[in-house]
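What follows is a set of structures to go through.
Here come two complexes built around subunit A, the first alongside subunit B, the second alongside subunit C.
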Partner chain A sequence: MTEIDPEQNVAPGEPHSNILSETTAYVIGLALALGLTAVSFWVASTSSLWGPGVAVGLVVLAIAQMGVHLVFFLHITSGPDNTNNVLALAFGVLVVFLVMIGTIWIMGHMNDNMMPGPEITNLQMQH
Partner chain B sequence: MLGKLSWDAIPFHDPIPLITSLVVILAVLGIGIWVWRKGYWPALYHGYITSTDHKKIGIMYIVLALLMLVRGFADAIMMRLQQSLAIGASQGYLPPEHYNQIFSAHGTIMIFFVAMPFVIGFMNFVVPLQLGVRDVAFPTMNNVSFWLTASGALLINLSLFIGEFARTGWLAYPPLSELEFSPGVGVDYYLVALQISGVGTVLTAVNFVTTILKTRAPGMSYLRMPVFCWTSLAANLIILAAFPVLTVTLALLMLDRYMGFHFFTNDGGGNSMLYMNLIWVWGHPEVYILVLPAFGIYSEVAATFSGKPLFGYRSMVFATMVICIVSLMVWLHHFFTMGAGANINAIFGIASMIIGIPTGVKIYNWLFTMYGGRVRFTVPMYYLIGFMLTFVGGGLTGVLLAIPPVDFVVHNSLFLVAHFHHVIIGGVVFALMAGYTYWFPKAFGFTLDERLGKMIFWCWFIGFHLAFMPLYVLGLWGGTRRMQHISDPSWAPWLNVALLGAVIIGVGIVLTVVQLLYSIKTREQRLDVTGDPWDGRTLEWLTLSPPPHYNFAVLPDVHGEEAYWIRKQTAIKQDALIDEPDYQPIEMPIDTPTGVICAFFASLCGFAVIWHIWWLAILGLVGAFAVFVWYAWQDEHEHIIPVEEVRANARERRRIRMEHLHSLSQST
Partner chain C sequence: MSTEVATIGLTHGASEDTGLGHRGPESKSIVVPYGFWLFVLSDMVLFSALFATYATLTNATDGGPTSNQLFDRNLVAIETLALLISSFTCGLAMIAAKRKNMAWTQIWLLVTGLLGAVFLFIELYEFATMVGEGAGPQRSAFLSAFFTLVGCHGAHVTAGLLWIGTMMAQLWAKGFREHIMRRLLCLSVFWHALDIIWVAIFTIVYLIGTLP
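Showing the complex of A and B:
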């Protein structure tokens, strides 16, 4: 059995005991975040991808971006003593989910029911 | 130079606001001079204004709430008077543009500057004491939160003297609140005041969620926390979830009004329905932010005055957390009639009714707490029983309103007005009055006069029913809300009963002032020497009244639910206190004027934004920021209370407690 070096055995985002490894973690986070941003710009502007795939790709990249921020900058980890942070995150995600999905759902129906349909707004048809 | 501000903004030709302004200005000056002449100024400045003590901040919140209650009530009685006078041929004494400002101001002030600061005041005063700790997690931020709330209140009241208030109702629905239809500064007063106080509220929530999750006395596990702490936790979680939505919604409306955006306008692709949706994403949870801590107060009162542990403590905690989540999923019931369609209406209607279940659980828990207990019919207990009788009715009309087809009939009617006052007065205001009576001795060292307290209760109880039951009837007859004139003379008797009810509530409010003055005057007769005047069960009754700045000389060790009750019973059984612990010097946060100065600049900035005085707005912003920078550069944030002082105070407390203990054991 090999001894595990406690210095190396920390989850990303957990506080490190020395400045150097802490800085390294932030730099890794920064690099990942910038990389994901660059890729998003590339996905949005290139024509070499299948059209509908672009949106999906952007969503995936956005979620990955959130993950990087949470782990490297906001220090959400699965380590012990982190239950509160994880619960807070879960609560936040739940709220955002409820508000966004609820609003999109409600406003979609409102638009269908309340907005004049295309037959009415299309002036060319109204001779 | 002064933007839209000119002498026209002062209401020289309107006697009502003009006289009110003069009276208020004279009163403020008078009190200021009195404080100064009596030499109370340093005590006020160091003891309260700059204090980082959660108890002092809590008291300031409650004073603010009581002052604003007077203002909100003045608006209410003016509306009642107008509706009793302006029937048939008569137009009453308030022209529509004035009446519309009054109901908007009443609603806004009652919710944001009466109910909210009252509830937050109790959380401040009680939660750290009940958790057995010395302060909140971020004491300076706590002071800043209070002053930002006060800044919002100041701006709203300023609108009476300089300019006008919104005529849009308390939620400022567009398109009416857009520049096109509300070109004056009224809506801007509304928006800016709520934005500033909203920052204070969110900071409070951050503070209390952290305090409750991270700083509890040793042994105070989650399932040993008093119910008031649980309901405060839930309320603050809801604030964290909901208030940012309000901030964003109001910010979008500000963009529309200030920078020509088109989020909610009629033209340019705007959609005002999105505003209704977003504002209620905040608005429904808001009522639970108010009522959950109220439920917490009732729980403390029920257990204490029944002399029994709270029935179903765990189900209470569970019900609270269920309400906390479900309250975020029902907002559409405020606009069933807007046209989302049958499916959506049905789903949100059912979700709304589901909230009735955990609430019902709570009612049964309080009933069973009283059942078989030795109930002492004190003033807080009157409010608890009055609440249960009243709230069940208000809850029932709420379930009725949650049925979409019913809501299509009574939406925006006086039936709705009756319903929400039913739950807010019967649920929240009764709890606040109960809490005021219950915790007053802890704050000031003597109890309030009991006889006047009961009279105040009866004024609220009878006055409420007289003032609002008639509105249910009128609502079912088709009476809509926000009417400056009543065309059907047959409504007059009902409106007059409502006016009588409001007058009786007014008597109750006057008696509250009388009770306070009388109780101060005769306090020697009702001193709370032991720190435990009600035979309490939670940790705030462990320390003396009023508690020392640091609350507890040593943090109490908690061995079960009802931390203080267990300790007290053990002491009575053994006829001895626990061994004298090893006292340590205590580190406490120092006072700081950061909060007031920051709020001063925030008010300046807010006022400038309202009147389009851009240089002043920038000045205010820079000033507020500079205060923070200045504060961050301070090296000293704490001072040490020497161990001798701590020990001396603690020994004095132990001596009092020993005497009390002997008198108890002699009487048994």
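Showing the complex of A and C:
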């Protein structure tokens, strides 16, 4: 491996050059990810939180943990050597959100509009 | 590439580099992992379609078992832990490989593979239990979507395990050659990406699916 030059592009997943800071980055990432996972499982099982907000909180925690993985494990940074990696990631995230939110939005409205009434809705949804 | 040109960065406003490829293409050790990164991102787009399908069909249980009755959070916690720590040891393997330390690279790759195998074993156990209870993929649209989404991730982990084994053998036989290092880097990107997808799965499928 060549010395990392901040003026050059860097491949995604390429570790830093100093062994101590490299290992520290992975340890910090592991600690953060473990913490976020533990909080997720706690949030899902506790009854002390406001019920309807729990699902939203879990999604936020998951997105935070994905960010931790990207930064500490895949070494995606905001530096100039990472511009191409970040742009590709941004496009990927855009498509992922379009597909997921678009589908849930449209299918939710289709269900609302197509279903005759609550009692029959329940029957139809089961097929 | 001359050294003078090589030091000119894309982001320097006053530089002569127009960003139009004056410097020529990057080296293969940058281009290949970047191409693989594009593949991984498109793989995530594929998973987003499966997630969207699953989210639309969670209530279509056809009178069969629901997510609340099927999923065991303790098993999922162990799976999550195994995959997360395997992501960490995969990083350690990359650190060792960069320093051309064969013993530690092989050890960490082996640990990564074993933890991946633990994950896969638990997942297959869960699938077998569900099918045994009559909750197989043909039971309802919800279960079809579940087995497609989680099974697709499991298939990726299986491919990752095969890849880890291959890389261990190639490292052993050929040493830290440049093209082997490229493959190793791609493998680590793949493995970390699998963990990122698992975060979405355990949150959306298992935790939100088992909320009271």
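Basically, the second predicted complex is superposed on the first by the 99 of 127 C-alpha atoms of A that agree within 3 Å, B and C clash if a C-alpha of one lies under 4 Å from a C-alpha of the other, contacts with A are read in each partner's own complex, and residues count from 1 in each chain.
FYI, a residue touches a chain if its C-beta (ideal position, glycine included) is under 8 Å from a C-beta of that chain, and two chains touch if they have at least 3 such contacts.
None of these values were measured; they are calculated from a predicted model.
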Is A:V99 in contact with subunit B, with subunit C, with both, or with neither (first, second, both, neither)?
both
Once the structures are superposed on A, label A:L89 by its partner contacts, choosing first (subunit B), second (subunit C), both or neither.
second
Could you tell me if A:M107 is touching subunit B, subunit C, both of them or neither one (first, second, both, neither)?
both
With both complexes overlaid on chain A, does A:A44 touch subunit B (first), subunit C (second), both or neither?
second
Could you let me know whether more residues of subunit A are touched by subunit B or by subunit C?
C
Subunit B and subunit C footprints on subunit A meet at residues 84, 91-92, 95, 99, 102-103, 107
Per the contact definition, I'd like the list of subunit C residues that touch subunit A in the complex.
6-11, 26, 29-30, 32-34, 36-38, 41-42, 44-45, 48-49, 51-53, 55-56, 59-63, 73, 77, 80-81, 84-85, 87-88, 91-92, 94-95, 98-99, 141, 181, 185-186, 188-189, 192-193, 195-196, 199-200, 202-204, 207-208, 210-212
In the complex, subunit A residues that touch subunit C:
1-2, 5-15, 19, 22-23, 26, 29-30, 33-34, 37, 40-41, 44-45, 47, 51, 54-55, 58-59, 61-62, 65-66, 69-70, 73-74, 80, 83-85, 88-89, 91-92, 95-96, 99-100, 102-104, 107, 125-127
Can you tell me which positions in subunit A touch subunit B when the two form their complex?
84, 91-92, 94-95, 98-99, 102-103, 105-107, 109-110, 112-114
Complex contacts: residues of subunit B adjacent to subunit A:
213-214, 237, 241, 245, 271, 273-274, 277-278, 281, 325, 328-329, 331-332, 338-341, 343-344
